[in-house]
Amino acid sequence: MAELTTYRQAVSDGIAREMRRDSSVVCLGEDIGAAEGVFKTTTGLFAEFGPERVWDTPISEQAIVGAALGAAMTGIRPVAEIMFSDFFACCYDYLANEIPKMRYMTGGQVTVPLVIRTANGGGLGFGAQHSQAVENWVFTVPGLKIAAPSTPADVVGLMASAIRSDDPVIFFEHKGLLASKGELAPPDHVVPLGEAAVVRPGDDLTIVALASTVPTALSAAEQLAGEDISVEVVDLRCLVPLDAKAVLSSVARTSRLLLVEENPYQGGWGATVASIVADEGFELLDAPIRRVAAECVPLPFADALEDVVIPTVDKVVDAVRRLATF
Amino acid sequence: MAELTTYRQAVSDGIAREMRRDSSVVCLGEDIGAAEGVFKTTTGLFAEFGPERVWDTPISEQAIVGAALGAAMTGIRPVAEIMFSDFFACCYDYLANEIPKMRYMTGGQVTVPLVIRTANGGGLGFGAQHSQAVENWVFTVPGLKIAAPSTPADVVGLMASAIRSDDPVIFFEHKGLLASKGELAPPDHVVPLGEAAVVRPGDDLTIVALASTVPTALSAAEQLAGEDISVEVVDLRCLVPLDAKAVLSSVARTSRLLLVEENPYQGGWGATVASIVADEGFELLDAPIRRVAAECVPLPFADALEDVVIPTVDKVVDAVRRLATF
Amino acid sequence: MTVSEDTSIRVDAGRLLEWYEEMALIRRTEKAAYDLFMSGEVKGTTHLAAGHEAVAVGASAALREDDYVFATYRGHHHAIARGATPAECLAELMSKATGLCKAKGGSMHLTKADKGMLGSYAIVGSHLPIAAGAAWSAKLRGTDQVAVAFFGDGATNIGAFHEAMNLAAVWKLPVLFVCENNLYMEYTPIASVTSVPNPAADRAAANGLPAEIIDGNDVVIVHDTVKVAVERARAGDGPTVIEALTYRQYGHSRADPAKYRPADEVERWMQRDPLRIARDRLTSLGVGEADIDAADARVAQVVDAAVQEARDAPFPDPAQALTDVWADGGAVWRN
Amino acid sequence: MTVSEDTSIRVDAGRLLEWYEEMALIRRTEKAAYDLFMSGEVKGTTHLAAGHEAVAVGASAALREDDYVFATYRGHHHAIARGATPAECLAELMSKATGLCKAKGGSMHLTKADKGMLGSYAIVGSHLPIAAGAAWSAKLRGTDQVAVAFFGDGATNIGAFHEAMNLAAVWKLPVLFVCENNLYMEYTPIASVTSVPNPAADRAAANGLPAEIIDGNDVVIVHDTVKVAVERARAGDGPTVIEALTYRQYGHSRADPAKYRPADEVERWMQRDPLRIARDRLTSLGVGEADIDAADARVAQVVDAAVQEARDAPFPDPAQALTDVWADGGAVWRN
């Protein structure tokens, strides 16, 4: 069996591999240097690459992302860290109005090869302003590629693609997965942006999941196997490019679709996937499309409350049971 | 027939009516005072209510919306203007992390009765950073009420509800509709938040539309009537609260649903509505759910290009024809 | 450190003893919070303000009951200084139904609205415009309330700080911007990412505002400085920036051992513990050690009881998760 | 106005005549843009820089070909000063396929990347951190390129300005922050919403930066000031803030008649037209009126031809709407 590593370590590894390959890759962010990141996801980078490649910034999210953009326009491949994805709101002008529109507005004159990495999602008890899963925020804006891996190997493989991409990529590292373990990525491991993975094959129903909801879906599938319900789990891995074909071809076999999203139901990414299937896959469906997403409330602090709000294995199992017998 | 007025004038009227009723209603924003707003949507307010009720601000979107929040927490009913809705990105922390979460995070201690008004949408040739329809940006965040009227009377009626609401309301005024005319709202006209309107009854297919896409849908419906396709047009008027019942009960009669959205397809509000119907209305449907939304690109400047990107009457007519014969 | 100790300051011994006790109460509550975090009874994260007590207590003593206070995620001291009990604070940290915010907020979001403590904000700098807005509201309503925003040195490099100062200055709002400069952001020294030596004070003139740099560990100096600024604000003379030099006695958050801080720096600041400074002042004012120790003993009792009370409190009813979004108490977003 | 005219400045007459011609070219192009807007051939909006020519031409003359320039929606002058032709600018405004940005950008987004003109930004202040990033890139790549960000007085109250200055100062980036202070935001006088008299310059010290306040209508003064700042930047001595006082000769945008401006103020500034100032300097340097008029005539010819060329150009192929999102030239977001 391959060696195991943590998702957290995979982040640093993935960045380091690219920094070794390409000297134009430069990191910036708050506390990422000597402190190695508040989530320890930039471990070893400062030691290996030094202050010319790993830059500590002030608490200035607009300056961080804005500077990354300016650098990307002029020959650097910046990898900017926004400590918590909730803080995307503090630099959203760059995410929504500047970065994704730059190439288009200039008629293709300017290319923006940058990565914005961020710790995303809940599960660590950080409360309403530090726990959100906000892939859907950036999903509203055309012009950004969006990766959200669920395993250490995918972290490395997608990081390689993200950093090598000539397009801007928003890279979500899930806080709740940081301590999880998985196979070490082999050398030169590259996962193309926009390819979903069938992480568990099944026949009765398709679950489409992303990042933290992949293990949730897998646990549910495992439990449901004991009830003779065969669930296929598709890990989208990216929202843009969106591997809609993978979803549609799974639904073509299972005829049933459940989306499991960490973001709130209203405006969630799963709604777009659902709408594609409700259009292009309408004739494939034998049952309603359902979404297990977060309740439409801010994230509460207490575990007892949080469990009511976010998708859990129980909720997924329950939803599958009801759909399977529809 | 009732007197006519413009949508633009209805905005000022709607605000003025509430300012007369309640002295705690205070406006702030860029160039809204003596200059009466760059879209002339605060006409007469400064003259009638003076500088103590109508405050010109610096170009500081965070300060505008942040100050509105602080004032709302302490006894004022601020009505803040963000000149173009694209600039929501410049104060998105307040829209996403502060305002909608305040009441919840404090366990109900603090109430936030504020309105943020903004000129939204395309059609005036202002390019990629001044033309977006961004209802979907705020729709990703639970805790905000969202109004987007399509007629002068609804502007007044929804403005009354928004300003009287003890919850935060994001109020979208559509730039492309400002010059359009409609019936003057009667005195004391109030349209409750969260009630859709069937603006054209029909039997064969339901179009759900919002703001600018309402007239687009109505034109399409008119044209299709000549082809003996009877289209029902539902004007959502609000995204939160969402009148899902109105949509479902229309679809219960027509069995066919088309959503017409100005925002891009990816992450659009229509996806959430589609997903509700694909779940709760699955058995009502005789055809796929379709969405005519903007293409997933930034908004181009030239009209010849913009027409390719945004929903047009032709695109709606075409989509309805194909769905009606499905 | 550029702080010159002003020995000419006069203060009533009885009042100072009250302040001492309040600071001790905060200190002991923070210690309890730390222990509860380490034992797993507080989950998530917590940012302790031990070392910063003089800022909260000194400032609070200069405010009226109906004034407004806005704090950061490192805000336990401000909640307590404004009258939140250790029991309700700890209950919040421990996810209990009796918490200040019904366990919906957590350590980073202590709020005690009925005491004018209008929240702890976890997005750096976000509350500065909000505090300006509360001050604007006071002005609009014609009260002479004042709003005070407390923030860290790290917050001085974020745009919202600049926007808030400018708006407050132009509108002459009754707001104080009080920086608790503890030399560090999370783990990075503020000096390494800031273009001026005094991150808050050196930015004041850019908005035409007066600034004071003070010893933030001396409760008397804090009180006296804030008092003057509050009077200015109430008189309609606008905002003041105060930069209070202080130091945190724990790490940034959670179990951070703060290894990035030089030992001699820590040592120097521990010598300048706000409780010790206050104790010295009390002694020199003739207050006996026994009286001070009695205050400590009272505090110990209160906090021990608070821990017990919080421990005994129930977790919230899960149904509470779907309340409190809207003013009607509910969370319904669609029909 | 605090500008003192420095009569000791020396400049080569030939060079100044070139600058004059360039300014005249901008002026005439703006006039053409105005006429085309009024006749409906330019749609949407347009923000003319007539009156601001000396800033663009003077600064540009102090830069190298490989330096970077970042401008605002009021940016035609910078595009032209960096080498964009009037024809390609007007074509962009007229939604033509031959426009600088293939008619995808429009008046507010002129960009000429191969001349280092890295864009016109329509969100106030947004480009200031971006310019700092380009300067950071130059530093990282070890070139000695400089980035210059031009912005309005209104932009000085937005957070991004503060963040950009601080980052640029801390990292000692080779960037210039050049404010075109024309006294107004859209319709509101900047003084009424700004806490200091010099909106840009008075904020520099807050980030440890040097500042200059200059006559932005005198191309020679602009050139000389920028030159010194550029040298500082290239030498690794960090950013400079320059506040150039100027005035717009049209309204804010579209057909705005700018009625909110007092007649005597307008009159005073029209007297200080940058073209007139340059013409006076030329005459005092001994350049004959005929030579200057010849420049005007050349410019008229170029711009008239440019209008014709832009008029004759085709509208873009609709298929172009779905290109240029990604580096592969396409816009595919799903399979």
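So that you can tell them apart, the chains are marked A, B, C and D in the order they are listed, and the count of residues begins at 1 in each.
As a convention for this text, contacts are C-beta pairs under 8 Å (C-beta built on N, C-alpha and C of every residue); 3 or more make two chains touch, one makes a residue touch a chain.
Just so it is clear, the structure is predicted and the values come from calculations on it, not from any experiment.
When the interfaces A-D and B-D are ranked by C-beta pairs in contact, the top one is A-D. Of all chains, the one whose Cα centroid sits at the greatest distance from that of subunit B is C. Centre-to-centre separation of subunit A and subunit D, using mean CA positions: 40 Å. Centroids of subunit A and subunit B (each the mean of its C-alpha atoms) stand 30 Å apart.
For this pair, subunit B with subunit D, the centres built from the Cα atoms lie 36 Å apart.
We define each chain's centre as the mean of its Cα atoms; on that basis subunit C and subunit D are separated by 45 Å. Within subunit A, the positions touching two or more other chains are listed as 57-58, 60, 62, 86-87, 89-90, 93, 97, 104-105, 127-129, 142-143, 240, 242, 266, 295-298, 300. Residues of subunit C in contact with two or more other chains: 101, 103-105, 109, 121, 123, 157-160, 163, 166, 170, 192-194, 325, 331, 333-334.
Of all residues in subunit D, only 157-163, 165-166, 169-170, 192-196, 202-203, 205-209 touch subunit C in the complex they form. Interface residues of subunit A, counted against subunit B in their complex, comprise 86-90, 92-93, 95-97, 100-101, 104-105, 127-129, 134, 136-137, 139-143, 239-240, 242, 263-272, 274-275, 277-280, 282-283, 285, 287-291, 295-298, 300. The part of subunit B that touches subunit C in the complex is made up of residues 24, 26, 52, 55, 57-58, 60, 62-63, 65-76, 78, 93-94, 97-98, 102-111, 113, 142-143, 165-167, 194, 240-245, 276. Residue ranges of subunit C in contact with subunit B, taken from their complex: 68, 70, 99-105, 109, 111-114, 118-119, 121, 123, 126-138, 140-141, 147, 159-160, 163-164, 166-167, 170-171, 323-327, 329, 331-335. Touching subunit B in their complex are the following residues of subunit D: 43-45, 92, 95-96, 101, 103-109, 121-125, 154-155, 157-159, 185-188, 192-194, 260, 315-316, 318-322, 325, 331, 333-334.
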